[in-house]
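One structure, as structure tokens, below. Some questions next.
Labels A, B, C and D are assigned to the chains in the order they are written; within every chain, residues are numbered from 1.
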Amino acid sequence: MTTDRKPALRLEGIVKTFPGVRALDGVSFEVYPGEVHALMGENGAGKSTLMKVLGGIYQPEEGRIFVDEQETVMTSPLQAKAKGVMFIHQELSLANELSVAENIYLGALPRKSFGRVDWKMLFDRTDAILDRLKVGFNARTLVGDLSIANQQMVEIARALTVNARAVIFDEPTASLTDAEKVVLFEVIESLQAEGVGIVYISHRMEEIFKMTDRISVLRDGSYRGTLTTAETNEDEVTNMMIGRSLDLSRNHAHAELGDVALQVEGLSCHALFQDVSFEVREGEVLGFYGLVGAGRTEIAETLFGLRTPSAGKIFLKGQEIRIHSPIQAIQNGISLVPESRKEQGLVLGMSCRDNITLPQVDDMTAGPFVSDGAEISIFDQYRDKLEIKTPSWRTAVGNLSGGNQQKIVIGKWLSMRPEVLIVDEPTRGIDVGSKAEIHNLLRDLAKQGYAVIVISSEMPEVLHVADRIVAMYHGKVIRTFTAEEVTEDSLIQAISGIEGGKAA
Amino acid sequence: MQRETLKNLLKNGAIWGFIVLELVFFQVVGSVLSLSETAFIDPDNMLLLLKQSAPIGIIAVGMTVIMINGNIDLSVGATYALAGIVMLDSMTWPIFVGLGDWAIPFAWLMALLTGCALGLINGLIVWKTGVDAFIVTLGAMLGFRGLVFMYNGQQPTYHLNWTMVDIAEWGVFGLQTSALVFIGVSLLVWLMMTRTVHGRNAYAIGNNREAAVNAGIRVGPHILINFVLIGFLAALSAVAFYSGSGSVNPNDGMLFELWAITAVVLGGTKLAGGAGSIVGTFGGVIAIQLLRKGLGHIGAQTETVNLVIGLILIAVLLLDKQLNRQGQQELKL
Amino acid sequence: AEAHGGTMTIGITQNNVGVDSYQTTYEEAFIAAAEANDAVDVVVLDAGGDVARQIAQMQDLIQQEVDAIIIWPTNGQAVIPAVREAHQADIPVIVTNSNIAEDGFDFVSSFSGPDNITQGSRSAEIMCDRFIELGIEDEARVVEITGQPGYTTAIERSDGFQDRLPEVCPNVTLVDSQPGNWNREDSQRVMEAFLTQYDDIDGVYSGDDNMGVGALNAAIAADRAEGITFVGATNFAVGYDAMGRGEYWGSIYQSPVDDAEAALQTAIDVLNGEEVPFLNYFDTPKITQDNMDEFDRPVF
Amino acid sequence: MAETNLKALGGLLARQGILVAFVVFMIAFALWNPRFIEIDNVFSVIRSSAILGVMALGVTFVVIGGNLDLSVGSLLSFSAIVVLDLHETPGFGPALAIPAMYAMTMGIGAVIGFLVGYLKLNSLIVTLGMLSAIHGLTLTWSGGQNMDIANQQETWFGIFGRGTALGIPIPVLMFGLLAAVLAIILAKTPFGRKVYAVGGNGTAATFSGIPRARVVFFTYIISSFCVATAGLIQASRTMGAQNTVGQGMELEVLAAVILGGASLLGGSGTVFKTVIGVLILGFIQNGLLLAGLEFYVQFVVTWIIIILAVWLDIATKRGKLWSPIA
């Protein structure tokens, strides 16, 4: 790296505490112009907090910030922006009722006289940016009408609106599919070429090794060191992050397959998906893979009683069942880990414990009252199992890091000991260590005789955990692969609607 | 932009459909009962309707902005009364009294300044202390009312100036001054909300405050401006109304906040903020006034009026829900 | 307007029906009187206590071209321009129950109703007479509970009382006055605070009997009712009964039925071109435990 | 040692800012007028706050569940009028009138609960509509007349509003008892937990298999139960009622609940805090009355106190006096 140049951005001895947590403990860190600098660490290590300090959202208790070696105090996002620091948030930060263009230029709408918005300039500029991002929507679309992935692209588009000195991407790919990732990487490369310093936060090793120049590691809020990407490997990084190595080898000791647990025949739901048939056996992990909007989530929601199917049958252990509500689904032993943890998975203002026991609070009783003991024991069990990092069970879930929030949602449904567990994007935003942990958990569950359905947009994930993979395209099942016959190429072809997927 | 307006109009279809329904109903029932010699859907009657809608309508326009911005203002009724008092009382102040009828514009100015000042107080408190606008303005509803009573005890404030009454009753095309003010204000604020940076930012703040903050929008000043605006509009409503009536009772304007909010929500503005339109609010105001007027027209008794207004509010809500359904593809939440 | 041969349509906009029995009984009596008269059609509107709504109703009535308008003003001054509009449209206006301000007299045919100021002074006289009877006219301490702040009736009665009391009983002190909003519960709460605050209360004047009975309830609960003279206005049935039990001293007898019938008759007389006095007060006599037998129990 | 104690105290203060505000306020008024804290006065305040308080308990459930209830004032008038009228109906008497009134009041509560819970209509507008509709119903029932009990000596109906037990006024006892029961329901039962979940994030609650509609429905049932109780106390206390007894109370009730720290967005608040909110309002009113201030000065002072109390409450929570709003 060009170490003789001045860093675009430098942090020195940053300390930031929250009640009960020392989120950052004297962290120093720098990015050079044209460098892509990865920031890694377990869930809750303090990555997002550090970046929020940089972006003017939090004020640190100690430490100094330099932009182009000029010391600056970042008191607000507005000021950070003025200093050339752009911030692409981990959690979507959009106004759903406004158009794409207004969101991209939020806080910086072009003006004409009398404070009027210069719509023409706004739309022209936005269209130019959207062209560069090769997305399928236009500047006037309402953001609320977009899929999560496309909303993420709107966030990313913001990075291109100003001449930034530094751009921070906080887990930008968590909900992107491969095609969009490619576009994102092109964007990053072109920013890099313009001499912008880039901070890139992600839990995905392959991206880190593909995209970045250096890697800095945080652990429990303190700085662990910086590695040059070209000179290191996954193992070393993991070791630095979690203090041990991981065995990521494919772990396919097949469980004994039992009876068919869940069978779906010709299930359709209006325009969302049609004629979907599959079965999953006790002891089996069935993967669903497809592009955004392929209809996987909608199938899961239908099985969970949240949508009314227009045709088709569902059999549980050979018995036809009708599910009209999540309550019935749960009674039938079906659980769903939903795809959006903030909207669907968690009551953010509630404590960690209360969130985990929520679906079974009726059973957590001694007499008519909720029993603290029963709840805490469940909580403790899953905190240990999933290594959830939280100051205490009382902490509001909203104060946990993104990854730990996801673990709470998973813990909530695992603790229900369901017969059929559906997980929709289970490891979105989860660190490598915990991810492996969750994968093992899913496999373990299968081994214990549960039927597990995993919906994922990450190919390595489905390849890693699933026994069979259902490939979907445009609301239809294209093909079901077994673990033995599946290859990356055939899977990609199947989910892109290319005829060839059928061969192989 | 035009397409968007049309879309909004359709989205708020319930309220316009409801207005048509009201017109037909009252016309038919009114003529069957033949209580009065004139038709309900008489052009003069409809123009009168606009005038009668003005006091709450002007306030509702301001309330729309406040609510889109994600706040609420329960103190508008008291602001309205206080501004009215200042207007009438200032005409008797020694500095203005010598001006004769030229005191009128000054009186108006004093009233509007009062409204702005009260709005400023609310806005500053909401901004600087971070206390929820609901509580701040709930408190102010009491506090401002206290100021109203302090001004003149329990006595009405009275200053009848026939020139001012004539101005209030002046009109073109049968539209009297307050109706013109209502239409003008609606138009201007509609332009503000759809065309200006301030208006669009108000939507963004109401829609997702955190996102707005993250994007560097200065939320506080926007809130402040909108509170000053609604204070101004409440005062303007008082100017339009009291110019024509000349006396303020210290109880005036009570419940205005609830009626204004009702009109705004009927017009499709979300209580949570971030979505809504002035056009919808205009419809909501007209719908409510039509209802009151129509029930009087067909000779409904007090208890029936109360019952019907209540049930109709709920019915409109049901209708709106039905119209805005996403059909079978909806998630059952 | 010329005298009518056929039926006449009379519109009325009332202050706030349903807020208390008086106004409701008034409305019923008004409608009943109109139905008994074949020559009269009525349009009955209720302003719900809101001036803006009342002005709108005046305009509606003008627009409907009724023959005469009766108004029970929510605000005796604010309705003047609206009354002028009616006058300019050649529709005679009759004011009922509480009058409009003098500036509006030119546009009004007649006023029909009670004299609230006189009522207030009469209440003061009842109170004073009682104190003299008890021999405490030189030391008595009185508290007042007024009606809804801002309403003419409340203000006039209070003025009448406060002006007259020192004239008849110069040594009686009025120690406090708080509004009870024509509401029995509010009045009871106000009285509770008075009782805590003042160890010595000899008399309570309330703007109407409804509030008076609230105050009485508070005093009974505190075991202090014995020593207090309660005087009210607008004798309600509850007040009449309490008087019968000897707990409540006196009030002003005012019948909403008389009130309503007088208003309607005035309107009819005006339309028939008859000569009517401009101020058409109907009598509201004093009623106390001593003379209550002379009066019927109020129906409201 | 001392430091940890201080810290613990600091933590307590931070959590209970509103309580601190309350205590400060009480001390200030007691210094002004010692009568303020005499036991008689305290009882008198609590007794006259009981009606507002009982209603606020129910509305607490509604608000935590993420909705509003503006119909409580109107419903209070309804229940008071109905119970008095039935009481005076030959053959009824208190023993029949009271349960019948509860049934009707809670029936209306069920209608609101159905509209808001099952049909998912906006609660502000539904209850605003019901405010008006119930008033119409009440007027129809009573014919617009006041309702009064003719023979007050011959009925035991008065005990709910006027009686005492162990030297404590019955309304105070009822308020206390109901507060205790509802506090336990909210804090300790699965139902209470569900109310928080539904109010905190309704979608997530549905995804967790919580019958959101039913939970919302029951918050309104509880609210209407409380209103019926308040109506009983009201009617019994005055042994008569106007059609407008409850008019305007909805906002006062809401103020008490919010003052207690419940969020209008739902998901937070407690019964205990609501009680504090109710007492603050009651004592403010009483204190200012004792101080001999004109009612309109009371308005202004109440305004200032409400804002200061809430401000202090949130300022202690965020550890900063001034809001971080940019």
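The working rule: a contact is a pair of C-beta atoms (placed from the backbone, for glycine too) under 8 Å apart; a residue touches a chain by one contact, two chains touch by 3 or more.
Remember, predicted model here, so these are calculated numbers, not experimental data.
Peer 1: What are the mutual neighbours of chain C and chain D in this structure?
Peer 2: A chain counts here if it touches both chain C and chain D, which gives B.
Peer 1: If you tally contacting C-beta pairs, which comes out ahead, B-C or B-D? Let me know.
Peer 2: Between the chain pairs B-D and B-C, B-D carries more contacts.
Peer 1: List the centre-to-centre spacing of chain B and chain D in whole Å, with centres computed as mean CA coordinates.
Peer 2: Here the centre of chain D sits 29 Å away from the centre of chain B.
Peer 1: Using mean CA coordinates as chain centres, what's the chain B-chain C distance in Å?
Peer 2: About 33 Å separates the centre of chain B from that of chain C.
Peer 1: Centre to centre, by mean C-alpha position, how many angstrom separate chain A and chain B?
Peer 2: 45
Peer 1: Quick one: which residues in chain A touch 2 or more of the other chains?
Peer 2: As it turns out, chain A has residues touching two or more other chains at 76-78, 306, 325.
Peer 1: By the touch rule stated above, which residues of chain C touch at least two different other chains?
Peer 2: Those would be 17-18, 27, 149, 179.
Peer 1: Which chain D residues reach two or more other chains?
Peer 2: Touching at least two other chains: 135, 139, 144, 203, 206, 295-296, 326.
Peer 1: Pick one for the touching-chains graph, please: line, ring, star, complete, other.
Peer 2: Chain contacts: none of line, ring, star or complete; other.
Peer 1: Determine which chains touch and list them pairwise.
Peer 2: The set of touching chain pairs is A-B, A-D, B-C, B-D, C-D.
Peer 1: In their shared complex, at which residues does chain A touch chain D?
Peer 2: 76-78, 304, 306, 325-327, 329-330, 336, 338, 343-350, 354, 358-359, 361-362, 364-365, 368-370, 412
Peer 1: Could you list, by residue number, the parts of chain C that touch chain D in their complex?
Peer 2: On the chain C side, the touching residues are 17-21, 23-25, 27-28, 149, 176, 178-179, 182-185, 188-190, 192-193, 196-197, 210, 213-214, 217, 221, 236-238, 241, 300.
Peer 1: So in the complex, which bits of chain D are touching chain C?
Peer 2: 35, 38, 40-41, 44, 48, 51, 135, 139, 143-146, 148, 150, 162, 234, 237-245, 285-286, 289-290, 292, 295-296
Peer 1: Please give the residue numbers of chain C that touch chain B in the complex, ascending.
Peer 2: My answer: residues 9, 17-18, 27, 41, 43-46, 48-53, 55-57, 59-60, 63-66, 74-82, 84-85, 101, 103, 146, 148-151, 154-155, 158, 179.
Peer 1: So in the complex, which bits of chain A are touching chain B?
Peer 2: 55, 57, 76-81, 87, 89, 93-98, 102, 106-109, 111, 114-117, 119, 158, 269-272, 301, 305-308, 310, 325
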